[in-house]
Amino acid sequence: MSLPVNMVAEPRLRVRYAETDKMGVVYHSNFIVWFEVGRVELLRQAGFNYRDMEIEDDCHLAVVDVRCRYKSPAYYDDELIVRTRLKHLRGSLLQFSYEVVRVSDQVLLAEAETTHLVVNAKFEKTTLPEKYVSAFNAAIGQEQIK
Amino acid sequence: MSLPVNMVAEPRLRVRYAETDKMGVVYHSNFIVWFEVGRVELLRQAGFNYRDMEIEDDCHLAVVDVRCRYKSPAYYDDELIVRTRLKHLRGSLLQFSYEVVRVSDQVLLAEAETTHLVVNAKFEKTTLPEKYVSAFNAAIGQEQIK
Amino acid sequence: MSLPVNMVAEPRLRVRYAETDKMGVVYHSNFIVWFEVGRVELLRQAGFNYRDMEIEDDCHLAVVDVRCRYKSPAYYDDELIVRTRLKHLRGSLLQFSYEVVRVSDQVLLAEAETTHLVVNAKFEKTTLPEKYVSAFNAAIGQEQIK
Amino acid sequence: MSLPVNMVAEPRLRVRYAETDKMGVVYHSNFIVWFEVGRVELLRQAGFNYRDMEIEDDCHLAVVDVRCRYKSPAYYDDELIVRTRLKHLRGSLLQFSYEVVRVSDQVLLAEAETTHLVVNAKFEKTTLPEKYVSAFNAAIGQEQIK
């Protein structure tokens, strides 16, 4: 029997000049955009494409809550990992967690969680189709086994 | 007989910290966003709301060309004027021009033009409804009189 | 004796097209930028200019924590109020709170708090100069009286 | 004798949700940010790191002119190539050209040029150090041979 691989997405990205501010570090709202990169990559690893999820299943993950603790500044041209996990799935609510780590020195720059409500294109709460529920629960379970 | 008022929009905006970069000045792509602020304000002065133009008339001004000359840096907290004019209207093509000026010292920071194609929601070239054509031509004419 | 005016900043801003996303609403990270607008306006009302605070006193309010609950979508061209208060000041830590409200129907779109550490240009924790401490405590006190 | 490799950078990036707008396509100013990604990658291929260029040589490539023709919309989750070349180098002026191409169907989405002035940290025009001049001229020459 093989142990399940932990469902963690670790997309890498490089800090753009446009993302820095006059203090010489990344402006804090850009981390929130990077979390989207992590989330979408986690979905991809779970076998789904968020673009199709919206188009084919009219399923949209509307953000209802964001919490982020900034630990250390990110600098221009830093290569970063956005370590992303699916933490909870309860009905139409999903919660993801994130750690932003600099590749060069493995320093943890930020920790965060985002909570999302599954809605249709009219922003009405909707039910997550079964195929996502089972895949997402598996993703959470795999992590819990660790 | 009263002379027509020149059709120039001059919305003001204040530079946000988020718009600066590590050189301590505004990152150049933000000017392109400010031009949108100028354009929408000019439409408003001409009697139109771009939101309604999209919803009610399925008329969208898709950007097909942008040219911008940067003359002098904009700094954090600067109050700026985005002086905006409609320069040309030929069929489904509109061209706007812009001057970004700092309020405090009247220094010209950038000059630009953007060209737009009138399209429907499917990005198909469409005809500008007559009410816009006449108002826009008046806007151009007024400026030419000056 | 006149009661102190509550220290609440209520800057207004209009949603830019650039801030919307393909769901037709404002992308969530833009709210985080708007909080900066509120914060800076509150400082201005307290008699300070954040630009000078950085240049003259080498005092920077580095963001260490952001929490935001999204209640209802913001739409293109919406005029919004970013109601901003200073909630706490403890040593080198400041906490601001925010409510984003749409002007037209007074709907509350988001509630948030951000926590900031006072640092110098090298991101070293520093002490808030006395002139800010007294003004900020007054700002909090005024609100508490309400 | 081996022929020189053409000096063309072709970084890939994936369209973020944050970069789309309510028309369902990428908002046009984001292309301008992507050009930076291409430029920095070209410098990297030429053996330089723009971060070091700023820190060690006090050489900054301030944008003085941007021109972009938008040919076709970019969509969410599209994988794009930002094909970047150094076109001209005359004293303290550099010009880069760009083609943004969608990987899946090789459609050309935009063509652009940006012009940059070499400045120091105080935004004073400065001379490009010899090591860059020779490397950059080689980069242009290689392309011209093609």
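Should a chain be cited, it is by its letter among A, B, C and D, assigned in written order, with residues numbered from 1 in that chain.
What we mean here is this: a residue touches a chain if its C-beta (ideal position, glycine included) is under 8 Å from a C-beta of that chain, and two chains touch if they have at least 3 such contacts.
Predicted model, so just to flag it, every value in this text is computed and none were measured.
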Selected pair, greater C-beta contact count between B-D and A-D: B-D
Relative to subunit B, chain with the most remote C-alpha centre: A
Interchain centroid distance [CA atoms averaged], subunit A/subunit B, Å: 36
Geometric centre distance via CA averages, subunit D-subunit B, whole Å: 26
Residues within subunit C bordering two or more other chains: 17-18, 23, 25, 29, 33, 76
Subunit A residues within the subunit B interface of the complex: 17-18, 20-22, 24-25, 27, 29, 76
Complex contacts: residues of subunit D adjacent to subunit B: 23, 25, 28-30, 32-33, 60, 62-70, 73, 121, 123
List of subunit A residues in touch with subunit D within their complex: 16-18, 33, 36-37, 40, 49-51, 75-77
